[in-house]
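Notes follow once the structure below has been shown.
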């Protein structure tokens, strides 16, 4: 099966890291297609960046959403544009944030999240409430590292994330840790060994969940909030979407 | 004082109706500036339309956000892009959905919402939860009228909305009604008289709340999720935002 | 328009301070009437004081509730007797606690409250739950200053409030502060400057919200818990209310 | 032991019925003292009546709160003035509403409440939330009978209550019924037999809980919201309370 | 009346201590029958121990559940097997955990729990949520003492519990303390005196609540989740239950 | 990899049906081991049956929990004994109830559950609250078919389930349906086609989630409520567990 993994920002090194995490867990017959928008922010740090990254990300999803696609993974921990993508796409869509939370719920009664910057905390808290899993989360914490510092091997990023995990174990009664940024995908296994509890990252989790949905024959319900968009005249920058949508 | 009232869709007749509602309640010294994006969907009916309307709406907000502006009103009941707008703007921003909910909470222990299409119900429910006011809402109901039917005086739109209000009073124990679309701004007073309870529409409510914030000297806290966006290289369709943001 | 601002305690200097805060933000055409009960506690510090202050406060409200009154402000942060007042009055009623919470919700994702004595914390927490806004509140804190210490310029009251704001920012992730006593009405602007985030006090907020309701033509719904009281024989200390009420 | 059962309204026939219910379950060594205020509403139907009944009720409690009193029962289903009474009294205080809810929770996973008039529903819902037991309640229902109709043997009051119990079983998945008015104290056993599930009334429940607290040596915690009131000058109608309170 | 108090573990000294606590508060006409299973864990420290203790405990309950029994007390603070016991038994059943929470709610706005080992915290938190009383609980704390250390007069168990109470008062704003293990039944009064607030233990509370239910004529509703089990063929270790159950 | 799928009841035809559902979705390299306890109830219909099925189920889990086992699936929709199993087992454990809820959350904003008998509704509601997913569930419904009627091809069981799905779509705003019994595993695909929305059954979902956990290298956190049981002397019926557990 083919799975699109779309990085909503425009930084190619992050797309490569995400693709590697996805391929490392994909089943033998699964092909990972990695993509990123042509235009938009180089990293997603807060609501404004989110808003600008969505149209480009939806273009990538629209382009790949053919009959042979098993599903789409949105590889930003904010699950940027997840509702719009689910409305638009025929195939199922899973965000890496929700994927990590669902998997964490199966191995821990209570998890804490360690993300990059504190400005992202409210968005993650809102997602947890929407998904219904806020009661499973001890606390959303920020290591105060900018997203792109995770791309720099000389930064103190990993150390800061590790220190924040220490605090989560000590102060939040956390039984597992969820890493709150796609750029941390390569850190999960070593941090788990170091701290002696499950450390979950969302890219690999989301790929497995899309494989599951495909095997189980499940896709997005089109009854309710994720109904196929009504067809509307769209021009200019959005002309690419103009043929899409239903009655 | 000057207030920007931005209609996030591209239908000029709705912008005009919204501007009229805003001006009808503005204080003597208040100037209403009405605007709409150049490109985007003609109406906002669900998450996909929301996503495409946000960048154009943010452009309008960025253009008007000068020292002399008292605040911005987002005139779509979904409060489309509210978080991104609050991050971006110097002046305070109020969505017409939240404005209506807050005012309803002052005159009714329990209100129900009557919106256009049922596909919008989940988005409104999520907003109510985020704002914290879900416990005040009996039910979010859809009259099943497309947004643009409200622009057509020959449609049955008003009748359907009125029938749904009847059901809300009978079934939800509603003590007040919130009208769930900017296109219903002209219906509130007559429906209130007809049904004998407060009927609140958000455009007028939001204008008054922006006036309040200006008088009280309050604006968006830049500590937390609505911090000023970090400055990033933006080109192509987003070049207009490239000079904005902080460190 | 005329607005009654009623201080439910019997301390004249607090009534004067409240009246000044109200007048400083009132619109050009608004007249503020300040009142206090003839009998009752000199300050409201907990449930017992609340209970004794209500009948006298309701007398003030009943006396002023004529056709020409735009609305009533209850100027105690506990929103003492708000439900009874809304049932009794024809004109809308707004408590300064709820007013402050609603305004804070428009400029901050998360606010903390700083009140006087810790014995008042549970009452404020219950109000936040009832209003639906508890999820927006980081924590209700007490500076441990008696209400009347705020009337004494030589007390350490302001310093203690300021220190508690520091703790709220550091420990609660507060993005704004709500001052939890009518007697703090004069401190908001200077504390906001000092701490670099919005500091909201409720007297001014409530006056603006009453002005809004009047402009929007909204008043208390008489369907539900705030229905006009049923007329009953009342004598002795309550004879003043004996002609009031409906069928 | 001696227990004060105070009816907060001024209708003597209700006080007598309440006293009978209390005595029918009191332990051999328990003496029930029944009281009602001198002045105030003849029945409590909504927030305004509640507010006027509290000072007179507190006078009865203050008068009886000696060393030899085991506790106070507030015999109005709204638990009128419960917080103020707990602050004031040395002995423990139990409201008949909370007593009924706690007992119902021991014999039913889910109960519904049947009260008198719909205007009382919001107050009962707020109490359930405060007590923490709202999640155990299917629905608060009103039989639409005025309180004093329960005193009239020729009224249709009992039939209406019984019909509403039928609806609660059918529509709410109720496993038990709580009767929502002190005036229904004499109906519980026959309605339980008629409907085949537990029907709980609060007067008898509250008496037993006060007996428990006395036997267990438990009384109201004076740390927190129910701290002893601070002593204040009180004159006029409240002179009776002027010697009370702590530092 | 006769009340069965069943200790679900197999340690006779704990059964004796529990029986003493029960008898110390029982009414003059109440006979306490103390029992423990023949087989199972010597103490209940977590979910696995709970699971193994339930069948033996149900045997004790089935044996005593005759017409002359007033009710059953489950004397483990986890309220082990409470739902199964309520389904099985004719007479009412009360767990010592829920009993303590309900009584604490009558004397404190907010209580904290001090239990033995931290592995038991999640189970207690889940119970609090199910009962609906989680909002009344500041925090569930563990003194990190194994259950059987409470049986050893030379252990530091009491000191650790007392220290944890200090932390609960200082950090949780606790107004009362609930002792979270049947083995702490003898510590409540002295700890209450030492810390100056109500300290509640559940064995005595549960006995009084069973007495109440008997006096009030209330027993478990058989409509809903606690319906009498359907009769099924049971052999081997469960043959003792084979004649029980309904249609 | 090897996965144990344990049916906690003793009906061999259900074990066979469950094994078939598991094998139909297992990955090429996955071996399904199906098991059932030697003794216990023939079907699980309520809390009492649950309690008796757990020890036998734990024996099956203990027997198979070797180094080469990828994980355990508990194939009863109540997730019977899940906490005890997670404490006991080295390998991860997934219940079919939670598996179905997590999968449903990825394809529907709101799902309803259709189970067998109404006595099981409270247990499922409690699970949904514990998992955190109650807010995603419209309603838990019972088709009022005994579990073993699902094994009888001549019963009306499938029709009743289908009718209840109709009601869920019409009354609950359900966007997907979760089938609430392992015995319904063979009905999901045809009911999905018939009703035009996702219908999820838990056996297949749980198998895929265990495969995910194994691939991702995740297992139950032993920090917190699922810590390895402390070793205790166990004899008689529980001697089989006597060597297990940690310090």
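Labels for the chains are A, B, C, D, E and F, by order of writing; each one numbers its residues from 1.
As a working rule, a contact is a pair of C-beta atoms (placed from the backbone, for glycine too) under 8 Å apart; a residue touches a chain by one contact, two chains touch by 3 or more.
These are the chains along with the protein names UniProt gives them: A, B, C, D, E, F = Allantoin racemase.
These numbers come from a predicted model, not from an experiment.
Student: Walk from chain A (Allantoin racemase) over to chain E (Allantoin racemase) along touching chains and report the minimum step count.
Tutor: Step count on the best path from chain A (Allantoin racemase) to chain E (Allantoin racemase): 1.
Student: So chain E (Allantoin racemase) and chain F (Allantoin racemase): same face meeting same face, with over half the numbers shared, or different?
Tutor: Interface between chain E (Allantoin racemase) and chain F (Allantoin racemase) is built from largely the same residues.
Student: Which of the two pairs, B-D or A-F, is linked by more C-beta contacts?
Tutor: Top pair by contacting C-beta pairs is A-F.
Student: Using residue numbers, check each pair in A-E, B-F or C-D against A-B and return the one sharing over half of the contact pairs.
Tutor: Among A-E, B-F or C-D, the interface that shares over half of its contact pairs with A-B is C-D.
Student: Using mean CA coordinates as chain centres, what's the gap between chain B (Allantoin racemase) and chain C (Allantoin racemase) in Å?
Tutor: 28
Student: Take the average of all CA coordinates in chain A (Allantoin racemase), do the same for chain C (Allantoin racemase), and state the distance between these two points in whole angstrom.
Tutor: About 44 Å separates the centre of chain A (Allantoin racemase) from that of chain C (Allantoin racemase).
Student: Using CA atom averages as chain centres, what separation in Å is found between chain B (Allantoin racemase) and chain E (Allantoin racemase)?
Tutor: Spacing between the chain centres: roughly 52 Å.
Student: What are the residue numbers in chain D (Allantoin racemase) that touch two or more other chains?
Tutor: Each of 109-110, 118, 121-122, 173, 224-226 in chain D (Allantoin racemase) touches at least two other chains.
Student: Quick one: in the complex, what on chain E (Allantoin racemase) touches chain C (Allantoin racemase)?
Tutor: Residue positions touching the partner: 109-110, 173.
Student: Within their complex, state which residues of chain F (Allantoin racemase) touch chain A (Allantoin racemase).
Tutor: Against chain A (Allantoin racemase), chain F (Allantoin racemase) makes touches at 25, 27-28, 92, 94, 98, 102-103, 105-110, 131-136, 169, 173-176, 189, 192, 196-198, 200, 204-205, 208-209, 211-213, 215-226.
Student: Would you pull the chain F (Allantoin racemase) residues touching chain E (Allantoin racemase) in the complex into a rising list?
Tutor: Residues of chain F (Allantoin racemase) touching chain E (Allantoin racemase): 38-43, 45-52, 54-55, 58, 81, 83-84, 86-88, 118-123, 126, 129-130, 146, 224-227, 229-230, 232-238, 241, 245.
Student: So in the complex, which bits of chain B (Allantoin racemase) are touching chain F (Allantoin racemase)?
Tutor: Interface residues on chain B (Allantoin racemase), with respect to chain F (Allantoin racemase): 118, 121-122.
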